[in-house]
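Each of the two complexes below includes subunit A, the first together with subunit B, the second together with subunit C.
Right, the complex of A and B next:
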């Protein structure tokens, strides 16, 4: 990764940002905006999972658990204490981060499929607890009536969160901040250490990298970010129930980062957006939708194992030599 | 209380027999092709439907239907290996995980589309006979599961231990390249492995369909449980897998009966996590990567 950004790149970035900000002007239908907001939530989730799986090489099959814990933490705190979203989103990050720290400490000494199955266990366990701890979570009936974020007014711009466009802009900021944070992180010494652990953990340890500490750090940060995404989801949909946060969702997130390519930061974002919009386009196929989705996944993994963005990037690198 | 305990234990062992049949196939695939097949539960589901339809469509009775399902899923398993898994053999595990997850989604939803969501029952004609001994209760159907399960596992063990193909399978699972150098047709072994695994899963599905129900979504939770079983039993070890399958069956049945039914699905995982924490080498020792 070349550290310094050139003028052309800045310009391209600004143009891209302007285009993204203009999206609600072109797609004013609620249905489209809803898909875009969901894409933003999935983009954050996918980036946070890519930090764990793509950059550190630790396969987690329970990521939706942290998403769910964040959503429930934020919703319940704001319902019981009346704190605004702007506070509870941090609470969600803290609760999910704490949980992933504890789980990470327990499971990250396991490798490969052992780690995958153990993280799947915690994912299943969280779903079961959300379903059965009825006094706290209201069980399968879910938590209704979650308040919207309180309005914010910046100079020249007021977001009241009565429309989906407002959520879209907030989501854009959220995605941008997370992407910036992770970009800085993976291009720092910490990022190098994580990649070294992914490539060869014994070798990394032999040159003095405290592998366990770095892995737990990545797992905790990934979990915390997923929790914050959960908070955003809860205060956007205004209703949460355990079915949103099952192991199927964890696998869905893995599919997104594989689809986009998980060893880059743009890959997961691309995967998240593509795989949120694609099933919607497939709606015209009616009940064949999930069949086509499954077959597409099979064909895709056979032909483009590096992911779409990863393949483009490696081809481009090849051509540049 | 003791009788209830023994009754639950007996049910657990029967459940374990079913799990053993599915998990052994999964373990063979994992050991020989080194791919994770998350669509294995769908093999089991499709096998059950195949038996159901050969009974209602062809009018055959239960045991011929069981055989038809096994042969049919053996063929489908072989085709799926050739068409879907062959291109990614030797790639990282996560590729096969997601590929087979896609396959699982496609097959489960295709079944939903073709066969409908309503659970259906396979009539084995054995449910009306009851056995009572020492105060325990066993339907002839469950006895049949026990007998067929043990017979198939024994047959598999003999096949792998004694036949030429079985020996070749073991050779490939130990060292693919060396096996190839020794003149073993590795490609054929891969196909045979999937065919056997498909047939075993179909047998399990048919018997579950007789005891309980057949439905398109019966596969996925079983897949997860069987991954736990092969992790518990040590990857690629027949005896370990059988012991683990019975343990999981017992844990589910006894835990569900005596601790809390709501958390029934968590007990197998709990067992596994405890094992990982306490004894990272697996139940029967060996490499604990």
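Right, the complex of A and C next:
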């Protein structure tokens, strides 16, 4: 739509990127940096889920399963074979993508509530497997001792991954690349097909869109990206266990994209960052923290059904005519 | 014969919607299917376009069996449908709707040519190209739906109830356009409840009743047929 980049937009983008790069200088506390790195991981997860739910209109309640499968794949491969993170993150994407391809092929014939429930079921199934296939996953005890990414040095910059700031920078690149990839995708012919399917699947099929193939494609790519986010998480926290990747996390991701607005790409990023940081800001409210968080979510979802960013965008488009 | 359907049956669960229907459409003609609600007209269209898969019988298009092919394959062969209820994508602009119609056409200049041809048939769509399709009037949405079906460059265009809910003056305009489209070389299958309009426009006609062909022949002859006059024309 308004895809053309003007000079002013480039400038604003550069200024924004510079500001983001400067964040570790202003917030040097590990606690803050940890929240920012988690925001980055959630931003990738939320964008990958928005591709499935927001753009192609297929409600998935099992997205955390692909996040978890990616995390486990990456952690176990690097522990057993000694391959570096830079290789295993791609393995994580491939394994999670393959799994979501297979699951997508099975479940994407279903619509609406049926699809939501079935994806939730697959999400629970993955958690059960992670908990019970003890020889492979070490069960509920989790996988400790995951190696950090091996250091990289670029001209003028060395990232050793001994500090959280290094992860923060890597996360910025990760978010940027995923955002760029998805931006190109949703503004392409494929993106149009996905939106056409979301708006009216029969109609899309009647003009010759192979709806099933496109839905499976979105589901697979979304799952693969979630798997790569899982790999990033595993090699950042250095320990993973099944409790991180439950259905509660899938719902958390859904809330993020509903809150931010799922039919744009910035909406999910906004939702991810806001809902990662907001509960932390609310710590000053003590035991009322989660109550306030819950009430705020309900109010936002009722009053801003397009999500925060979606509402801002549609108001802005209205004013420009 | 561009389209030749033999013994086509279709059912929804236990309900038989079409039983052993034979319909032929010669190249360059307008063939109409008339009948009451539930006679099986839309089912016929969905079966031919591959959207409905639980069918039996033979569907031959351009000398080749197409029953059982997926709908995207059938569109690629040059068979395009404009479904009932002037369905457009309300949240997309007029231009985006039209471009979606050419989804399988990779060649940008060909898309441009077809767009120009659609605009020649429907000048109003060019004026409204940047407007959201949901904000168009009923008649304009119907024109958009037909225009979008033309964007795939079909040899056979199937129109399902294009006159539904339109003012008589708009229907007249539509008749002109359908004739124009045929004259530019596209064969048309017209599914209609407005029998008067359809029989006036078509070359051949089939009357469907509860899933069977009750009557068929030249449209001009059916216009004079007593049964048709009584049941469908109300005279």
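Just so it is clear, the second predicted complex is superposed on the first by the 321 of 321 C-alpha atoms of A that agree within 3 Å, B and C clash if a C-alpha of one lies under 4 Å from a C-alpha of the other, contacts with A are read in each partner's own complex, and residues count from 1 in each chain.
The rule is simple: a contact is a pair of C-beta atoms (placed from the backbone, for glycine too) under 8 Å apart; a residue touches a chain by one contact, two chains touch by 3 or more.
Worth saying up front: this structure is predicted, and the values here are computed from it rather than measured.
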{"item": "When subunit B and subunit C are modelled together on subunit A, clash or fit", "value": "fit"}
{"item": "Which of subunit B and subunit C A:132 touches, first, second, both or neither", "value": "first"}
{"item": "First (subunit B), second (subunit C), both or neither touched by A:181", "value": "neither"}
{"item": "Residue contacts on subunit A - larger count, subunit B or subunit C", "value": "B"}
{"item": "Subunit B versus subunit C as contact partner of A:258, first or second or both or neither", "value": "first"}
{"item": "Touched partner set for A:124, first subunit B, second subunit C, both or neither", "value": "first"}
{"item": "Touched partner set for A:295, first subunit B, second subunit C, both or neither", "value": "first"}
{"item": "Subunit B versus subunit C as contact partner of A:192, first or second or both or neither", "value": "second"}
{"item": "Angle, in degrees and to the nearest 10, that opens at subunit A between the C-alpha centres of subunit B and subunit C", "value": "80"}
{"item": "Contacts of A:203 with subunit B and subunit C, given as first, second, both or neither", "value": "second"}
{"item": "Touching partner for A:159 - first (subunit B), second (subunit C), both, neither", "value": "neither"}
{"item": "CA minimum distance (subunit B, subunit C), superposed complexes, angstrom", "value": "10"}
{"item": "Residues on subunit C engaged by subunit A in the complex (per definition of touch)", "value": "49, 51, 70-72, 74-76, 80-81, 83, 87-92, 96, 99-101, 103-104, 148-149, 152"}
{"item": "For the subunit A and subunit C complex, residues of the former touching the latter", "value": "189, 192-193, 195-196, 199-200, 202-210"}
{"item": "Interface residues, subunit A side, partner subunit B - complex", "value": "53, 59, 106, 110-114, 116-118, 120-121, 124-125, 128, 131-132, 247, 251, 254-255, 258, 287-298, 300-302, 305"}
{"item": "Touching residues (chain side subunit B, partner subunit A) in the complex", "value": "36, 84, 87-88, 91, 93-95, 97-99, 101-107, 109-110, 112-113, 224, 227-228, 231, 235, 262-263, 265-266, 269-270, 272-273, 276-277, 280, 288-289"}
